[in-house]
């Protein structure tokens, strides 16, 4: 059992759960799905710097500025940005879902509406005969 | 010597986590799960402290501090939710 | 093996073993005790002596072995001492609340339901704190 | 370091400053807020034009944000394509803003103007950045702003559509991040130009990962561009959005197309191994289907705004048909058509609104409403917009389609391409003619609408958009020459690599 | 003047300590910043804690010592219970403790102490604020438990909070 | 370029007139018709000026570059063919304007009418003088649009709207085919310049693309000229006002197809394919149109079908690919223009005067309106091809040519059928004149009203009829030079010698036309019987088919579109995930390479495996418990805990801190939302769908997990991060490389990131602010607690703890912020910690209590935060550096000692403020509406109690 396997499989499981929940019909489930997906994505992005133990990218006099002394800091910065953005997006979608539920009275992802509201045929074609004097 | 102690510590806390998981999954009540989560946080703090000793660096300390500081907020919020539904009122 | 380092090792190791053992027992208690309100006692051990010992171990280790004076572990203890009783209290309240609701997944446990306090007032979980009393801290 | 050296960053700074200021003043001093917004748009246009002039001779401006040399810091790259997109955005923004202010749509909810400015910041950033992760960030900026704008005015329809629009795009962003992580893991860089050089050195063992990463990235762009079958989110979202907003959104699918045009030749061009021209096998078929679906939608739609929404899909498809050729000629044609179709679709949304405002309860649906003031005038606007959207002469769409036909004639699949482009035009014409004649010609029993006539000021924005199309047709020679030059520049990644990386490019 | 600058000296002292402990090295720079924080934060948060209680330091220190010792002892007792005492032999009980403390802060500290010592959890306060509901994991003689906590903690707290 | 200005004026005049009229749409009709007429007259004059030189052999032309890349130039040229057509367009245009001026009723939108009419004139003129095929296309489609407007002029009539749409669909569609054909033609010929193309006929005919070009071009021509089977739109176009019918649908627009055939004759004609198709189609159309015309009762319908038939004749003649036939066609174009326009106007007069166009209700009008009768009868005679009129000559020319053409290998076929066509045309012509003006009135009422109109109205048709007569009497003097030139221009060679005359002695042609006349007379005599026969035979009607096809397309396209685009999020996501999965598989299969890399793995201790098991279990629990929502949330926070632990373990302290604090805020957010959402809603998805989604989900998980594995097991190559690490301290002044990247190397990303958060805050505010109003408001008011709650709102111990926690947490927050540049921490984390500190107050003491103590508005925090970050960036530019360039230095003060100040700190302050503002905005707002709901609830309670008391 290597750490690499644990992390990779963990990501896989999170993705699977995320996709499944995202495909459910209730907004809250979809939100949960997106949350799982974002965990997976953050871990994935983080993993692009590979797994390194005990070498946080924080300078100390001993180790100086040599790349090999530290784990790759860039993915960490990217993940941090991603976490922030994801948080903003999650907050927004949660409140949007709630708002839409309050407006429509349904927490179905489609607001329980299928099809369109517009009249189904153009009056001109239908009424043509009727209108003729 | 310290190495053995650390190994023991990690093992013990790992086992503790596993026991928490059991309670977490088993329930039966939501409160039991919340309590399990709360305990889990405590054990994770312990693990982080041990890791700090093991690595001999203090960089992970803030993580432990933060957990101790804000970890309870979730627990309280869950409980408040069960008591009142509305956690901020 | 005489000297600070070894002393540090002994002390640290002892504290580590103690702390992690206590934490483990706490989690075990969480599993084995009969109902929520009993289980509630177990984690307190992990919070207090369990983590306390581990943090002490950390202090001792960095102090004696590494010669780094660190005491910030104390902060963790400080925060836990403030927050742990609150979480316990909240969960206990949930227990009380659900006992009254008679929810199937919240058995009363051996102690059963508490008797109401003397006088006509009930427990705060069952009756909103009277205005002006300490229970009405935020002052509704 | 003179002011001119900061030119590339201006289109981002201007709205980024305007937004918080409007936010601060809006509550108390509306007029000032609106003023700031307008001034900001004009300033953006000025900056864009200045850049257009600056780069029209082929120079590529590289601006290292924070003075950290590429590829280590974030770098902005202003070339012909970027300048074109910036000017397009600024002009479109002015039109949309004008309409929003004139029709008072900006008062139908909170924070229209800050969101609008942030939206523009996101767009401009996406067009300027030369860094893939920074592109992601600006995508998020323009998306989150678009969520706000799309929901502006609210109401059940928008909220319902909003949930779908937001969730779909969140999934898109997730995929984007995975692609980015993978690309960084393989190439060790985020700068587009640098990555273009690094992909050539990817060992055989990693070719599979490289191709997967490329496909994921391209699929994200396809989702933004609403390429079938990833187009399902668009129709309702755009149809229900506030018209002024929908008009601005005419550029949103183009962002996806832009990203394709920018990234594929630069990063996944020749020498990218397994990822070389990665969308090649799928782009053309998908584009053909998209164009077909789009104009079929125009044919089937039952309201002007719905038609406009489908026209967006159709035009994107047409556009990508040309892009899929990846030759200077086809790409040049595509860029000309991109500009055209953006204004055409915007005009459609705006005209639909003008009609809806006058038809009261009948809105812009194909149900015959009573006569209304200035019906034939608005009808004329609609006909012009429809002609433009379908690509009939004499408006620029015709020239655009001729350019596409001519440039694709040399390609193997030209038969399909021509068939779809001409066929979709016909379907579109019929569709617009039907709904248009129902809305603007047919009079329901019961004469004029008993409502106070609306001032014709709200025709200003659509008229402006259509006037721009006229100008685009008149100046088609210059415009398509510029488009060709831009295409040639994009298709020669070595140019921008040299400009961005300097001697590192070798 | 001083009272306006230090609305709560005790808190300020605590904050300076916390700060220095966090920074971890004793430089003037650190101390200076710590002092700034110790002044600024209480001033800023004053409205969030109206009517802060005054407390005596010496008794407080003493109280802390007692509590720490009790916690350690109680830990071993509860550990023994968990490990060796079969469930049927367990005698959990609800203790209703009449309160002599009146300020919420004091009651909170009292209840907190009880919770921190393993084996007892403060579960609720009566609506009238005169009784504390405590659950004991194993109390063969509830009355003695009540007397003990009142004697060991409540009495001392009355000295700490004035 | 001598004629440049003339040509430009010629082309521009009608458009300018249209514009002027549109502007003066409110002006009196006289003004508008004056402008229109004036423009037409001026145009005619200009053209007259060109006539002499053009017939003399010069080809005035001018060229302006437009889109060089495309080969689209604005080229105008007038050759004899163009001259003739331009003459018809402008001359008849003038007459039509005069006619219309008197024809249109009072109160009609004359402005719109004349504007559209002139728009059409310009477009039509453009077609015939365009010197670039692409330019020709522009005008070509423009005529379709103009005719759309003119046919639909009477907007209130459904038949007008439908007729307009049908015409647009057919001619516009044909136009699109033509576009294809022309672009191909240009590409094959190597130029889009007409003159050049005309010289490259052999090249074109030799090209493998020739059939495609021919087909596309012919579709364009046939649709425009209403050739079978595209003829059906023309009769429906008769819904237009009569002047329009006279102008577009007889004299000019329908001849555009004929014109183009003639125009491209040298390029396309001469092959068997060409002769076969064009002759065949023309012949069929000629006969078909004539037959139908014979049995229609509506005057305009009769004229429409006769037009179709006559156009068929011209097309057929051009199909012969023989110079003499071209001459015949050209001459007939002239004749037809004259008599058909006259006839349409006469029909218009009749309708105008009698109020009906039904030939069965008319008759004997010759007595009532002699002038009209004379004009119409003469015109009809020319249409019938009776001597001594122009129609006779062109028919003679035709019948003289027919024997020289064999169709389907039968040398006599064309002759026989052409004679039949001629017979039929005599038939319907005789019927038209006979049933209209002679015999006895069939209905009293129309006859009673009937009388000749004023001069203004009959002047135009009279003039045209005179022309038709003269074309018969003195053809050589009147038309010979033009005809010669035209024929020459069409065939692209000097025209053969010819003699236009009524009498060439007795020859086959003469006999055939005598047969035709006789047959026609018989048809008139036996019309009733023939009509009965016709009405019994139900022939398939192309127009019906077209309508059915359109209706069918409409139904099914709509069904399809609606079915596919039902706004269903599940479908959208299914499509998205499927595409992603498919692409990943494709990449893995075609990309090649190894799955597992060579990087040695890190052995995982038991603890890690337990943590992993926790993650898996928690995820599984979230999925399975996703409908017991609170439980799901508990498991979500377990996942968050494990993820944080992962970050701690793999050297990412900053990420751990961020994850931990974000976790808390997210849970609070979700709990706040969950309170108002249904807690455990009924199951929606069907079992099979679950299996489908499950399969997709597992596949996706396996794929992404696999990619992660492949990535993790590979050693990293050289990375730009080396630079970041090397320069963090010397260049960025910080030892926490991650933080230096965030606030310095890639501060630009961070700027965007905080803006995203800020916008999210604004968007959330905009969303929630309206929640109290409208249906949402009423729903909130009706909001019910689903389970009984504890009455205690602010538990004492929680409140007490929160009081001391605030200052402590703020202190820690400040600490984390200040050290961020060098140690784990930074503005974002600090902001979250501080936010949590305040949220604890809200949690403990409630919204009102806490909000009353809030110092800063969240909007201001966001705005100032963004501004602070921007200011840091702009500050650099003030020092002549690029945007967001950082600066730092070390200072020292007595006692305090050495300390660092970095501009990055200011930037980080911006981050801090924005994040704090956004988080507080989101949660405070959310808790606030939750509270409104609770209030609404509380407000209802007493009422309920009273009810209880009453009961």
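Going in written order, the chains are labelled A, B, C, D, E and F, and every chain counts its residues from 1.
Criterion: contacts are C-beta pairs under 8 Å (C-beta built on N, C-alpha and C of every residue); 3 or more make two chains touch, one makes a residue touch a chain.
Model, not experiment: these values are computed from the prediction.
Path length between chain B and chain E in the chain contact graph, taken as the least number of steps between touching chains: 2. Minimum number of contact steps separating chain E from chain F: 1. Compared with chain D, the chain whose C-alpha mean position is the greatest distance off is E. With centres computed as the average of Cα coordinates, no chain lies farther from chain A than E. Nearest to the overall CA centre, using the mean of each chain's CA atoms, is chain D. Taking A-B and C-F together, the chain pair joined by more C-beta contacts is C-F.
Separating the CA-averaged centres of chain C and chain D is a span of 58 Å.
Each chain gets one centre point, the mean of its Cα atoms, and the points for chain A and chain D are 24 Å apart. Chain geometry summary: the mean Cα position of chain C and that of chain E are 13 Å apart.
Each of the following residues of chain B touches two or more other chains: 10, 13, 15, 17, 30, 34, 59, 65, 69, 71, 76, 80, 82-83. Contacts with at least two other chains are made by residues 158, 161, 554, 558, 562, 567, 569, 573, 577, 649, 653, 674, 704, 707, 711, 716, 719-721, 724, 727, 746, 749, 753, 756, 759-760, 763, 767, 775, 787, 790, 792-793, 796-801, 804-805, 808, 812, 823-824, 846 of chain F. Across the assembly, chain E contributes residues 18, 22, 104, 107, 111-112, 122, 125 that each touch 2 or more other chains. Under the touch rule stated earlier, the contacting chain pairs are A-B, A-D, A-F, B-C, B-F, C-E, C-F, D-F, E-F. Residues of chain B touching chain C in their complex: 1-2, 4-6, 8-10, 12-13, 15-17, 19-20, 22-23, 27-32, 34-36, 38-39, 42-43, 45-46, 49-50, 52-53, 56, 58, 61, 64-65, 68-69, 71-72, 75-76, 79-80, 82-83.
The part of chain B that touches chain F in the complex is made up of residues 10-11, 13-15, 17-18, 21, 24-25, 30, 33-34, 37, 40-41, 44, 47-48, 51, 59-60, 62-63, 65-67, 69-71, 73-74, 76-78, 80-89.
Remark: chain F residues 796-797, 799-801, 803-804, 806-808, 810-812, 814-815, 818, 841, 850, 853, 855, 895-899 touch chain E in the complex.
By the touch criterion given at the top, residues 65-72, 109, 112, 134, 137-139, 141-142, 145, 148-149, 152, 155-156, 158, 161, 164-165, 168-169, 172-173, 176-177, 179-180, 183-184, 187, 550, 553-554, 557-558, 560-562, 564-565, 567, 569, 571-573, 575-577, 579-580, 583-584, 586-588, 590-595, 597, 704, 707, 710-711, 714, 716-721, 723-724, 727, 744-749, 751-753, 755-756, 759-760, 762-763, 765-767, 769-770, 775, 859-860, 862-864, 866-867, 870, 873-874, 876-877, 880-886 of chain F touch chain D in their complex. By the touch criterion stated above, chain C contacts chain F in their complex at residues 75, 78-79, 82-83, 85-86, 89-90, 93, 97, 101, 124-129, 134-140.
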